[in-house]
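Next up, some structures in structure tokens.
Next come two complexes built around chain A: one with chain B, the other with chain C.
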Partner chain A sequence: MRRGPVALGLAAVTILALPLVAPVYHVLLMLPFMAYAVILLGLNLLFGYTGLVSFGHALFMGIGAYTGAVLTTHLGVRSLELILLASAVLGALVAAPVGALCVRYVKIYFGMLTLAFGMLFYTFLLKFYRLTGGDEGIRVLRPSLLGFDLAAVSKTDYLAGAYYYYSVAVLVLAALLMWRIVHSPFGLCLRTVRDNPAKAEALGISIVRSRWYAFVISAVYAAVGGALLGPPIGNVDPTLAYWTHSGNIVFMTLLGGFASFFGPVLGAFVFIFLQDTVMSVVPYWRLIFGAILAFLVIFAPGGLMGLFAGRRPGEVSRA
Partner chain B sequence: MTANLINILLGGVFHAAILFLVAAGLQVVFGVQRIFNLACGSFYALGAYVGASAVNAFTGAGGPPALFIVPLALAGLLVGVVGVVVERGLLAFVYDRDETFQLLLTFALVLMLEDIVRLTWGTAPYSTSALYLAYGQVNLLGATVPVYNLIVIGASLAIALGIGWLLTRTVFGRIIRAAADNREMAEALGVDMRRVYAKVFTLGTALGTLGGALVIPATAAMSEMGIELIVEAFAVVVIGGLGSMRGAFVGALVVGVFRAVAIAVYPELEMLMIYLVVIAVLVLRPRGLFGRVAV
Partner chain C sequence: MFYGDFCALDGVSLAINVGEFVSIIGPNGAGKSTLINVLTGALRPSAGTVLFKERDISGIGPVRLARLGMARSFQLVQIFPDLTVLETLQAAVVSRLNRGSRLFGSLSRDREVQEGALAIADLFGLAEKAHTPSKHLPQGDKKLLDVASAFALYPEIILLDEPTSGVSTRDKHAIMEILVSASRQLGIKSIIQVEHDMDIVFGYSDRIIALHQGKVLADGTPDEIMADEGVVDTVVGRKALAPGGGA
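Entry: the complex of A and B
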């Protein structure tokens, strides 16, 4: 696997140089990509490494995004570091009890329970108008970065400049941390729990606790990524927490390939840019993306990474 | 007071009657094929649009308004044949896969059908011309109730009984139950599972499309109606128990009436209460009220 580091280095150079060479439009498209990349790195700890498919992760994205909105709009906190920290803490606080209930189940029941929690939060956002702004949501004011108040900079310069590199830094840190997690003994435990729960138990690994840790960590990632999603849009609304949004991020993970560490990141990238390309031609991106998803599920469950690596689907699909 | 109460309750039961049809479709597919079909809400939306189109064509051709329910129900049932196409064309490839992939394939269907509806009927709400009150209204204990609502409730009850009869009293029903219990054994006894799956999925689809068609005189069709209804149908099957027809019936009543009462009493709570009930059921009694399979 010499190709891996080369590809990674090329990607890194491209990402760093992009704001200098690419049109602003594409630079701005990179912002949701990086936010989703953070979210998917976390989701894949649950999906790829632990074998649990959540259909309610939009809940945690929503928590992160709304934390940023409430802090900047209502509480006067503008520091993005504080926003990310608060999102992570809130995400963990909500994920701890929710996860404790969900990880007692696997497969379809896990998916259903996470879906129910996600929709519970969605309804809360929609109905508690005074707190959440109902279907209109809340505005996200421009956060300050590393203590620099950048209110004087034009919006495009802010987003395509400072905010862009800030997102890159968050993504790199998130990826490094996740790399450490999945290559630690704990990461190995998760894979054992996924592949052979009985053996894991016999080795003294607590299945439920491992899954629970994975759930909380992935929720923290989703909350941090969700908080990054807010400022480029400038507004958060309940659709962020809707169940189809949870489905979309699972789709992105599958698109890139859940069996590989960087697969979900690639999935987020292709999803965002392909969606933009399709929508510039026809508004019916769902029709095309649905067809792509159906194709992936049937013919290429290993996703794009699976195709690149030339693996046969049998090696990546779990029984 | 009583009039108000009757109104709320009957509104809830009407909604429950529709929900039952969609949830029954979900249940029969899950019971036999072990696939949680997220797309059954999309089939419901498809049925609604096709039903509305059929009725509009019918009245446009000079058909008597009093008979509108005939083209409506026929269109709802007939569009159920997309079930065969979906089952043979897509699902048949993934029966031996992890259920995650099956779930994602039905999610792909959700995405595709939503846009197919938008492509065909546009994004504006689509409805039939005012036929809702074509059968008039009756006075029940002081409450004014559209007769159409009573017809739908009656039809849904009849379908519930019909499904019960199909499952317990016919050869096909026996095969379905055998296949749900033990697929290998049923196959070993000479049951052609491919045909059973195609039939069962078509039945499930037709129930959903019929539910969509029947709701349409009372409300306008919108492209998001499918993804909204699926979460309610999901609540129904969780409360009732996955795979159980009796569960779908009771669950639909619980969700329908609960929702109607919540909307009338405290609108903020609406679906919030339903999801709390769903979570409580999943945590305390994951097999639901009538489900057989323990987790």
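Entry: the complex of A and C
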């Protein structure tokens, strides 16, 4: 019996049953996990499959989160379906030109350029007070789900109930779609570009176009996940778009392992719950996380998934 | 063709005809790889043009050239380390069928791609290693995979920069046999190869071009080349034509 499907099945059952058995506190912690899981599925198309490390994806998470806030607070749009759709579209619209520029560079130059665009957007959020609320941000009003208003439900019941399962559904859809993408002819082309750009081009595969597609898709995922981050907090502010937030999702990816499809999702899960635990014990969670990051890079570059896979010699680690 | 101030190719003028098997020979540094790079649009010549099917292709880059029907392999072996042999060939077939933008289609259920890749693997004797990651292949097989993936594009003309370097003479002949029969089966019309082994050069070529210090020293049939004392002395070498060598 293969372990992958079994683990996946167990995870699915656990996630579905959690609101029925676990304390509300932990159920609520699952909400950012699922939002980040969506974001990381997208980020890893760029990171693991295309070989590009973005330090600017907070830009797209910010676009999604602020789209939800502006729509609910300023424009009276409450439907979460519309919010997610608008986030995806806006994410793609911004990513198209930004990506077209960034993907012409590789390695540190690509990373720096994405970082620069992220900082631009962060500054925009801080300075355009009228639209963005500056450093205080904007409130996110409770979205309706599938046309159900749900305004009468208590906040906890809303988040730990309907919103929880809605997030599960979005994550499952996002994962299925991404699974198709990485196993498509396009997905194969991405891996050739990652492994050997010169050879890929000699085979007629356009590096720039492949990377650009991957960039835009990953931005759409980040925007959709970013939109999911807002409602549980009830407020969005510029820290969502700050570069450390980009760093966090890169960290989650490394933690879980970028060489496998679900590695980053595992990374998000461990990150969220570890951060919560460490923060409640010592005030220096960044110190602890820094040490973990250093350990990972030096001793376990394959992340947690790499450690599991390490016990199965002969198997190719890349999904 | 200049690299900075250094002139790597000087006044080279040649026309490759449909159906030709051409070998480019010459000592190290003669400009053979540079010529391949100019011919395949990877380098833009400082002066002059490269025409392919009546179109100027100087410096147009590899992607568009592959679309036009010209493929190449590299002197320094180029593989995708983490892709298996089959995945490498699939990538080439995907590119040939122009399916690289299919985002949601299933690769494993694309019969044409799967079968196309398997056929090439069979043709090149790589079928048994179909699921081996390229980085774990022996050096000779890496080279073969590099060449095989270029063949999988079904080009009209293929340029191979030392396709058998680092391979023993016996294996070289086996590889050449594969290349010749594969190009016949796949409808590849012309082959240009850089080769050092004079046994191979004289055994398979319709035409030989000898380069020396960036200039064409000689250009002719194997017999004409062999009759040219100057070329034999500077490029071919007397030893290569000793009894047993030659065509």
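Points to keep in mind about this one:
Here is the rule we go by: the second predicted complex is superposed on the first by the 309 of 319 C-alpha atoms of A that agree within 3 Å, B and C clash if a C-alpha of one lies under 4 Å from a C-alpha of the other, contacts with A are read in each partner's own complex, and residues count from 1 in each chain.
In this text, a residue touches a chain if its C-beta (ideal position, glycine included) is under 8 Å from a C-beta of that chain, and two chains touch if they have at least 3 such contacts.
Keep in mind the model is a prediction, meaning the values are calculated, not measured.
In the superposition on chain A, no contact is made by A:148 with either chain B or chain C.
For chain A, the partner with contacts to more residues, out of chain B and chain C, is B. With both structures placed on the common chain, the touch criterion links A:25 to neither chain B nor chain C. Of the two partner chains, chain C is the only one that A:210 touches; chain B does not reach it. Touch criterion met: A:294 reaches chain B, while chain C stays clear of it. In the superposition on chain A, A:191 makes contact with chain C only, not with chain B. Of the two partner chains, chain C is the only one touched by A:199; chain B is not.
Contacts of A:181 after superposition: chain C is touched, whereas chain B is not reached. Residues 318 of chain A lie in contact with chain B in one complex and with chain C in the other.
Interface residues of chain A facing chain C in the complex, by the touch rule stated above, are 177, 180-181, 183-189, 191-192, 195-196, 198-206, 209-210, 213, 217, 316, 318. Those residues of chain A whose C-beta lies close enough to touch chain B in the complex are 53, 55, 101, 105, 107-109, 111-113, 115-117, 119-120, 123-124, 127-128, 243-244, 247, 250-251, 254, 283-287, 289-291, 293-294, 297-298, 301, 317-319. By the touch criterion given at the top, residues 36, 38, 90, 93-94, 97-101, 103-105, 107-116, 118-119, 227, 231, 234-235, 238, 242, 267-272, 275-276, 278-279, 282-283, 286, 295 of chain B touch chain A in their complex.
The part of chain C that touches chain A in the complex is made up of residues 61-63, 66-67, 71-74, 78-84, 87-88, 90-92, 94-96, 99-108, 110, 113, 133, 146, 149-150, 153.
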